[in-house]
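Some structures to go through are shown next.
Both complexes shown next keep chain A, but they swap its partner, so chain B is in the first and chain C is in the second.
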Partner chain A sequence: MSEVNLKGVVKRFGDVQAVAGVDLHINSGEFLVVLGPSGCGKTTLMRTIAGLEKPEEGQISIGARDVTALPPRKRGIAMVFQSYALYPHMSVAGNIGFPLKAQGRCPDRAEREQRVYQAAQMVSIEHLLDRRPRQLSGGERQRVAIARAIVSQPEVLLLDEPLSNLDAKLRAYARDELKGFQRKLGITTVFVTHDQIEAMGLGDRIVVMRDGLVQQVGPPQAIYDRPQNTFVATFLGSPGMNLQLVSDQVQRGFRPEHLLPLGELPPGAAHEPFSWRVTRVENLGSDRLLYGHLADFRGEMQLTVSRLPSNVTIEIPLDTVCEFGVAHDQLHFFDVASGERLEEGVAA
Partner chain B sequence: MNAIMSRWIDDSRLMGIVFLAPATLYIVLLVGLPFVTALLFSVSTATVGDASFNYVGLRNFANVWQTPAFRDALVNTFSFTVVAQICTIILANILAQLLTTPLPQRRSGRIGMWIARMLLILPWATPLSLSVVGWLWMFDSKYSPIDYIFRELALLGPGTVWGPANNLIWLGKPLLAKASIIFVHVWRMTPLATVILMAGLSSIPTDLLDQAEVDGSRYFRTLFQVKLPLIMPIMLISLLFGFIFTFGDLTVVYILTRGGPITHTLTLPMYSFLVGIDGGNLAQGAAVSLFIFPVLLLVAVVLLRTASRAEIR
Partner chain C sequence: MATLTATPTPAGGPRLLRVLRGTLYTTAVLFFCLLAASPFLVMGVVTFQTDQDLYRRGASPFDYEDMPTLEHLDNLFNDTRYLSFVRNSTVTGIAVVVVTLVLSLPAAWALARLTGRWGERAGMLMFIVYLVPPTLLFIPLFRIIVQLGLRDNLLSLILVYPSISVPFSTWLLMGFFKSIPPELEEAALVDGFTRYEAFWRVVLPLARPGIISVVVFTFTLTLHEFIYSLVFISASEVRTLSTGVPTELIRGDVFFWQPLLASALLVAIPVGLVYNLFLDRLVQGFTLGAVKG
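The block that comes next holds the complex of A and B.
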């Protein structure tokens, strides 16, 4: 259990900057999720923390140690790859015990077997120890990978999209379990994903990345409620935030679930009225998505989405002007040129 | 006319026979027939001068078995093959490791790697008889360039460690001749084995190697506990290929030593040739060559079974 510090980390591949100067402080025992679209540098950032990539610039420290120049085995880290990377020719026990043997920290065979068993027990796979990886289901493989990662009691656990190979149903369950293990062990954990649901659900804090740069860091709700720029605003949430130009300098944003029929707005709240035509309705069961167009200040139409929870049963006629509104405190303002968030006062 | 043609073409049984016919004919005429002939010869008294068939049972095999030269050939064939395969697989592993090591992403590195890989395959691409003639010159009793280098290094010649002779006479001394032949076999088989192993190594997912590194495994542990077990089926295929090539090879021995000095480098194919073709005793020559058959059959069966299992993985 240790904190991790990154200072000005840069990783280049040829002319491409995969990580373009990242400063990050990860608290001891924290579950930090690195979120971003594919190609944003999140996996490279994690591999740099692991020591699989050497940064061109910057400094990485784990606990009090500067590990920038150290190979992976001296960093006190463990990693779970997206593919789980189980050794196919070894049994489950062989897989879990491999780091102990390789690091030479546990030369006594009986003790090693004991620790392998404990790690397997932690993820409830102690009955599978004699199996080969190919005889396991996706969920079981993932547990073996996690057991192998925790068996050497690493200071930092790195997880590279470990849930993306599971089917959708199993994923929700695995998410819950993963969070459970992490709490139980209290290991500082970095979890890389492109799935915002995983990020929101798992992270103590989220780091949103784009083009090798950190866009915003904070607790999931805080990032969702106060996105720092238009990228974070539109990347988080499904669908993302609606954006509407209100002048040459300023655009206004509001989340689909806040664009509501006037009657559904909180009573007495000051609101901004929107008149729009809904052209299409998607019924998702738990909620309804309404698609239509809103005019910006120049009169150009922009695709806009509203999300109504299932308890809002009001009939929405298609291709008819409807009166909707957004509560004032749910409006966000961003600078058009930089995309950066503007404080409400500035925008008004 | 067209209607008849198209009915023939749609007849999958007929077309199956038509398509299989060339390969079947080829095997029957060029492999099956000589094999059956050899079987018949081996139980007869046929010679080059008199091919009439007199059945003598297994007398030829019994006679051959009692010849000291045959015993030498049998031992040599096995020992050459086994030693050459061991050397080849070790060398090929080292080369394959080197040639699959990722280089810095520089243009010169990529070109260098390309040249190295091309040079590697050359021994395999050269016609065997030509390259063995090359080695015959290298091992020449008087003008051997190897001896020349040793002389220049003051290892050979009067008053040196290996002196006082000016030449080692590679192919004239039993042990050196054996070593020379094994060396040429290794030189010949290593490229193919390396290429096969490289294919195996590059098929290992990089995640697995990264995982090994994160798990704390160093170079040799990763090599022996991760990489080699993973390419074991492919390595076995390469070994068995080499075994078949070396075991049944005539060219190398024929050109370098013809089995000499005396019978020190005699192999089964060489002996079969000497007895059956040079000596004209077709019956005994056939009997000698038939000793090779069960060994190669066994190896081929193991090879095919390994190959089919390697595919499933």
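The block that comes next holds the complex of A and C.
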């Protein structure tokens, strides 16, 4: 259990900056999720922390140690790869016990077996120890990979999209379990994903990345409620935030679940009225998505989405002008050129 | 009862067809096995035939008319240097296999992993080297061997054979190493091992089919290679099988058929057994090497 500090980390591949100067502080015992679209440098950032990539610039420290120049084996980390990277020629027990065979870690055979068993028990796969990886299902492989990662009691656990190979049903279950292990072990964890549901559900804090740069860091709810720029606003949420130009300099944004029929707005709240035509309705069971177009200040139409929870049963007629509104405190304002968030006072 | 007899057994026709097809298949396989094995059968039979039997007109090569004899085996083992040829070939073979593995394993790994696009090109160049035939090289190489004072010394062969086996083996192993995900090595690095240990404990065991292919290929190469062996070694006691047997058992135009065939058979059997033992892995090895890289 240690904190991790990154200072001005830069990693280039040829002319491309995969990580373009990242400062990050990860608290001891924290579950930090790095979220971003594919190619944003999140995996490279993790591999840099692991020591599998050498940064061109910057400094990385784990606990009180500067590990920038150290090879992976001396960093006190463990990693779960996206493909799990289980050793196909070893049994499950061999896989889990492999890190203990590294020089001087655990020379005593009986103790090694004991620790392998405990790690396997932790993820409930003690009945699979004699199997080979190819005889396991996706979920079982993932557990073996986690057991292998925690058996050597690392200071920092790195997880590279470990849930992306599981089917959707198993994923929700695995999320819950993963969070459970992490709480039990209290291990500093960095989790890389492109899936915002995983990020929102798992992270104590989320780091949103784009083009090798950190866009915003904070607790999931804070990032969702106060996105720092238009990228974060539209990337988080499904669908993302609606954006509408209100002048050459300013655009305003509102989340689909806040664009509601006038009758559904909180009574007495000041609101911004929107008249629009709904052209398509998607019923998702738990809620309804309404698609339509809103005119911006120049009169150009922009695709807009509203999300109504299932307890709002009001009939929405298609291709008819409907009166909707957004409560004032749910409106966000962004600079058009930079995409950065504007404080409400400035916008008004 | 009536309905039972009236209903035709639905499986009757197809079952007959299946049996017929099975029989046909087995017959065909047996035929080709026999065809492939027949030279070895003839060798085995002829080994024990007397001269009169062997040269009798109209006699079947698969049959004995005179009593079988051990005379020719006795002749092969006691009157020729056959055993020393076998020993020389084995020593050379093992040494060349070791040299080949020591050179080609790290080379192939490096070419597959560390140099990216240059690895491909360097691999291609190595393969081109492999395409230069020994018939072009033996004269310049002979001068080098003479200058090194290695004439009539097995070291000359141990030194020169890798020039054939290393490029081929490197190429073959490259395909193997490329098929092993780099993530496995990285996992080993993270799990606390050095790059060397990762190679030794994770990459090598996974490349075992490739390594077996290299061992078998290299060993059989040293067994049957003729030109270098003939040119570099003229002293009978240092000769290997490929040159020793024909020089001692063929005098002018007289072929001593029985010991000649016996000597070939005795070497072929163990090699054949080893091939069969690893057949699946060998096929996997060569096809992988062919497709990848």
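Couple of notes before you dig in:
Note that in this section the second predicted complex is superposed on the first by the 347 of 348 C-alpha atoms of A that agree within 3 Å, B and C clash if a C-alpha of one lies under 4 Å from a C-alpha of the other, contacts with A are read in each partner's own complex, and residues count from 1 in each chain.
Note that a residue touches a chain if its C-beta (ideal position, glycine included) is under 8 Å from a C-beta of that chain, and two chains touch if they have at least 3 such contacts.
Bear in mind that the values here come from a model prediction, so they are computed numbers and not experimental data.
Annotation for the three-chain superposition on chain A: chain B and chain C clash.
In the superposed model, A:Ala50 makes contact with both chain B and chain C.
In the superposition on chain A, A:Phe297 makes contact with neither chain B nor chain C. Within the superposed three-chain model, A:Arg148 lies in touch with chain B and with chain C [touch as defined at top]. By the touch criterion defined above, A:Pro71 lies against chain B and chain C together after alignment on the C-alpha atoms of chain A. Shared-chain residue A:Gln103: touches chain B and chain C both. Judged by the touch definition given at the top, the superposed model places A:Pro88 against both chain B and chain C.
Among the options 8-16, 152-160 or 188-196, the segment of chain B that ends up inside chain C in the superposed model is 188-196. The contact surfaces that chain B and chain C form on chain A in the two complexes overlap at residues 50-52, 71-73, 77-79, 81, 83, 85, 87-89, 98-99, 102-103, 148, 152. Put simply, chain C touches chain A in their complex at residues 181, 183-184, 186-194, 197, 202, 205-206. Those residues of chain B whose C-beta lies close enough to touch chain A in the complex are 105, 205, 207-208, 210-218, 221, 225-226, 229-230, 232, 313. Remark: chain A residues 13-14, 47, 50-52, 71-73, 77-79, 81-83, 85, 87-89, 98-99, 101-104, 148, 152 touch chain B in the complex. Partner chain C is touched in their complex by these residues of chain A: 50-52, 71-73, 77-79, 81, 83, 85, 87-89, 98-99, 102-103, 105, 148, 152.
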